[in-house]
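Alright, structures below, take your time with them.
The same chain A turns up in both complexes below, where it pairs with chain B and then with chain C.
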Partner chain A sequence: MNKRDSGLRLWLRFTIALFVTVLFAFPVYWLVAISFKSPEEVYAYPPVWFPQQFNFSSYLTLFRDGDVWAVWNSLVTAGISTVLAMLVGTLAAYSIVRFRTGGDHLSIWIISQRMIPPICVAFPIFLLYVSWNLVDTYVGLIMLYTAFNIPYVTWMMRGYIQDIPIELEQSAMIDGLTRWQVLRKVVMPMARGGLFATAVFTFIFAWNDFIFALILSKSEVVTYTVKVTGYFGSQSTFWSKISAMSVLGVLPMFVVVATMQKFIVRGVSMGAVKG
Partner chain B sequence: MPDLHLDNIIKNYGDNQAVKGISLEVPAGEFLVLVGASGCGKSTLLRSIAGLEDISQGTITLGGRAINGLAPRERNIAMVFQSYALYPYLSVYENIAFGLRARKFAEADIDRQVHWAAELLDITRLLQNKPRELSGGERQRVAIGRAIVRDADLYLFDEPLSNLDAKLRDGMREEIKRLHERLGKTFIYVTHDQIEAMTLAERIVLLRDGRIEQAGAPLELFEQPNNQYVAGFLGSPPMNFIEVSLASGYMTLPDGQQLSTQAAVADGSYYWGVRPEHWSHDDNGSDTLQASLEVVQPTGSRSYGTFYLAGTHVIAELEAHALQWSGKRIALTVDMASTALFDTQSGERVG
Partner chain C sequence: MLKTLLDNDRTFRYLLVAPAVFFILLIGLYPFIKLIIASFQNISLFDDIRSFQGLLNYERLLFDDRLWHSIVRTLLFTAVALPIELVLGYLLAVLFLEKIPFKAALISIILLPTIISPIVAGATWRLMLDQRFGPVNQIISWLAGTDVKLLWTVSASLVWPAILIAEVWQWTPFMFLLLYAALSNVDREQLEAAQIDGASWWMTFRRIVLPAIMPVMFIAVLIRALDLFRVFDLVWTMTQGGPGTATETLSIYAYQMAFREFEISYSAAIAFLVIFLLTVVVVAALRRVEVSR
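Presenting the complex of A and B:
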């Protein structure tokens, strides 16, 4: 800490930092707090800042009624589509970078698919899914999320793969590896940071999707985002159920980001080639 | 140990021909250096031998087996890259063991081989380090270790020393030469540095514009260059060229000074090539020219003097204390027997 960070400046820094932290953390806290409140506390005015006791009844209701399956549905669709999109997108990116597949323009063309507002294609996709009997199925949502995420993965991984010095791959091939082994033993470890970062974002995209999940599900494969909105009734709104469901929906994100954080930080490739 | 034959190798990049029909025999155990200015096709040729580039035409035969259709891993070749190409996520040990693991060696063999190579290159103490913790010279040793740890038919070096600083380069050069003597394997070494080529090679192949200008032992190329390009490329400082005209046993410089010559060539104008070391200052010598000494660069043991002679600058190697003549017009004696004459049109050496 240097001299200028003393006294008033230091205080100012801490105050601003605290303010920003509270600003971002408060909604999350409020969400968690409501999920543990009793019905009276939810509606109390002035608001109850801390629940008097931890009331698990909202969670119990969700488990008893089987509503938590919505979180499972989200996990399955987001998880499997992330794996598929990563697989296809990474291979596509490798092909574009190393074999110049599609010349200079293919990657731009691919990412342009991402620029279409999803709502524009919602209706045609719904009709297509009806005729294919894919509405309200895992396969339907997984296919959709995979298709939507492949451009993103291709685009991101293209950048990470471009950063890998080609000599590393050539050296490995001379040393006796096949192209597939090079992918596994050189490209994957070299792009590890990028792979995890991209996978996290891909997962978040699918996890947070609402519009397609709403249109393409009825009763079987309902994701948690759709389920939450189902609690907004015309007669009454179940705030504690909504917040409990939302907490369950946020938890996997916390776990994913917390465990992947160290991989998201790049810098694994330093020292490979004298820069 | 197998011989390498290159038969009329051609490599096209679109309309651009990088290698224009190169044929070469490399006997087993030879230290061959491919040298040339950038863009001469030397690296392309090396990468074609390694299988990193597909050749457009021709045949590469290693030990009687045509290898130009094979994937790099099927050629049993080892290569050292200019950028070292070390895997940053693996330790030095694992970097060296990489090729052995790829070829499914037993763990005990891998361990023995890695330690043998590490000891040879004096990097045993670094085996557990990651590449980023190493200096440039140490990384280069690891890269060489990774190549020699495998019993390959051919060892390729693509400008391995160009990323090192001058002092380190001199040391590594000596080590690579010693390594070749110990291993007795075929080395093919690419460089743009004529000093590296001269010091390392048993045979130099000087390339220019995708073709072989001249191939031969280093001193053969140095003393009997086929043409002006080869003469100018090898040697530092380079050979001086002065346009002269020859008539009835006399050579006339543009400023009118004359020398008698024994050269058996037709009368006419030529480029006269004189290496710096073939000039000397001798007031009483025969074959003497007058020239003004403009700049003197002492190197300790010798000095390099830049003279203004007949409308051009020539560099001459003089005695250590040449500084005393700086700015003066002095006598320069030429060792006529060591000079060369080149055709002004084709650049071929004629005498």
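Presenting the complex of A and C:
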């Protein structure tokens, strides 16, 4: 806050900030580094800090054994459920904001669904899925992720839709647009930023899920989180497989977050302020 | 036909919420009702008896030491991890409010751990803390000058610190991001006026900064507290609740009961207890927000 920032203090701050950054980044580096190490380097003692060359054998093994399907499964289930949850949740949010549908009760009931720990309802859902033959299917996981993300989407989109001036919608209706057209041509474009931010988090929640995937998948629709934990054996642990699969599982996240960074920072802070 | 239906406000508004309500009823409410019924029954996977046995399962809860230990463990873990994340996140936010070269780049790197799934975070820290091939023991050895081989994820006295490190590493950036956003909105002029008036650091913090960041901080703490209370993924990857039951959290215990020991009715009673406790806490917390507004 000093008007004249002396160069020394600037550098001191930069040094501390850099040190902290390295501290947080190093484990990620280590994970990536191991995935590119040769088998000898992975089990070298003392540990090899910088792999001598990029060794793709860990990844090749995953591709050869077909383990990468797990990443594809995560992509399909998280992707489709995000689209569904966004659609269903946004419509509900619009109705709650503009028509006060269900008063406060409906919105509170919807958000309270989010609070329930997954493990608590896991077994009843498992039984339900067994009787419906939905265990180990795409449809099963997609339905579950959709249902669990709808409360979040509704809650977040409620805040964004509240910010859209109602006059805009009114004048559009005077111009002869139907309710449905107003929703598509006025509300959706106005809430674009909010839609992106919410979609990113919805995707992350589904992508990172472990409990449901663990319980509801056997051999067909195994997601990458289940696959990673599967490599931890009691006899031997496959470090190179674990690290390579983890990197494949983290990569899409980095891409999503890097391209959506602008929306995310705003989304997080706004969602928090609005509660 | 569809057009006139959509143009009708009353139909329209209910049509919009219908899919959301349907999904939640299907996968939210149904299991919940099933849970309550099962908790009064006597179901296990090995026999077909489904007799009602009243409150027997709930009575068993009261005398289940393993359950209460897991609850205490979970609460302790929350009570230790949350303040650490909050304070570290705040300090980072204060640091990054100042002018720093390459600020944006550094912030996005610091946020990396939060994006990663808890499963991968757990796997990463198992790699980091591996007794022989992990860099952490290597660094400690350098500092100590002798070969140190700490059994981070195996030895009973080190598992909790190991999990705590991973947890703090993953979620401090989340706190940092929220508090950074909140602190950026604090009125600068007010702060400068307070400085001119000679207010102490503590006074400025308590009277100006804290009230301004309180709403965000409250939500951040609530979100993290709920997450910590049901922590499963991270602990599962790092220790699976072991050694023995040393790191068995509430969620892990519930999982073991339902999917390893197939005590279906009893695990339903546990689940119901957890949902009940959470509802009480969250309702109380949210009421406090309402009051403070």
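In the analysis below, the second predicted complex is superposed on the first by the 257 of 275 C-alpha atoms of A that agree within 3 Å, B and C clash if a C-alpha of one lies under 4 Å from a C-alpha of the other, contacts with A are read in each partner's own complex, and residues count from 1 in each chain.
Heads up, the rule we're going with is that a contact is a pair of C-beta atoms (placed from the backbone, for glycine too) under 8 Å apart; a residue touches a chain by one contact, two chains touch by 3 or more.
Everything quoted here is computed from the prediction, not taken from an experiment.
Q: So, does A:T178 touch the first partner chain B, the second partner chain C, both, or neither?
A: After superposition on chain A, A:T178 lies in contact with both partners, chain B and chain C.
Q: A:G7 contacts which: chain B (first), chain C (second), both, neither?
A: neither
Q: Contact-wise, after the overlay, does A:L168 reach chain B, chain C, both or neither (first, second, both, neither)?
A: first
Q: What's your read, chain B or chain C touching more residues of chain A?
A: Comparing touch counts on chain A for chain B and chain C gives C.
Q: Per the contact definition in the header, classify A:Q261: touching chain B only (first), chain C only (second), both, or neither.
A: second
Q: Going by the contact rule set out at the top, does A:F210 touch chain B (first), chain C (second), both, or neither?
A: In the superposition, A:F210 contacts chain C only.
Q: Going by the contact rule set out at the top, does A:W49 touch chain B (first), chain C (second), both, or neither?
A: Touch status of A:W49: second partner only.
Q: Following superposition on chain A, which residues of chain A contact chain B and also contact chain C?
A: Common to the two interfaces on chain A: residues 178, 268-269, 272-273.
Q: Mind listing the chain C positions that touch chain A in their complex?
A: Touch residues, chain C against chain A: 3, 6-7, 9, 12-14, 16-17, 19-21, 23-24, 26-28, 30-32, 34-35, 38, 92, 95-96, 98-103, 106, 108-113, 115-120, 123-128, 130, 132-135, 138, 169, 172-173, 177-178, 181-182, 188, 191-192, 195, 215-216, 219-220, 226, 229-230, 232-233, 236-237, 251, 254-255, 258-259, 264, 267-268, 271-272, 274-275, 278-279, 282, 289.
Q: Sort out for me which residues of chain A touch chain B in the complex.
A: Touch residues, chain A against chain B: 165, 167-168, 170-178, 181, 186, 189-190, 192, 268-274.
Q: Applying the document's contact rule, which stretches of chain A touch chain C when the two form their complex?
A: So the residues of chain A touching chain C come out as 1, 5, 10, 13-14, 16-18, 20-21, 24-28, 30-31, 34, 42-47, 49, 87-89, 91-92, 94-96, 98-99, 101-102, 106, 110, 112-113, 115-125, 127-128, 143-144, 146-148, 150-151, 154, 178-180, 204, 207-208, 210-211, 215, 225, 228-229, 232, 239, 242-243, 246, 249-250, 253-254, 257-258, 261, 265, 268-269, 272-273, 275.
Q: What residues on chain B touch chain A, complex-wise?
A: It is residues 50-52, 71-73, 75, 77-79, 81-89, 98-99, 102-103, 130-134, 136, 139, 146, 150, 163 of chain B that touch chain A.
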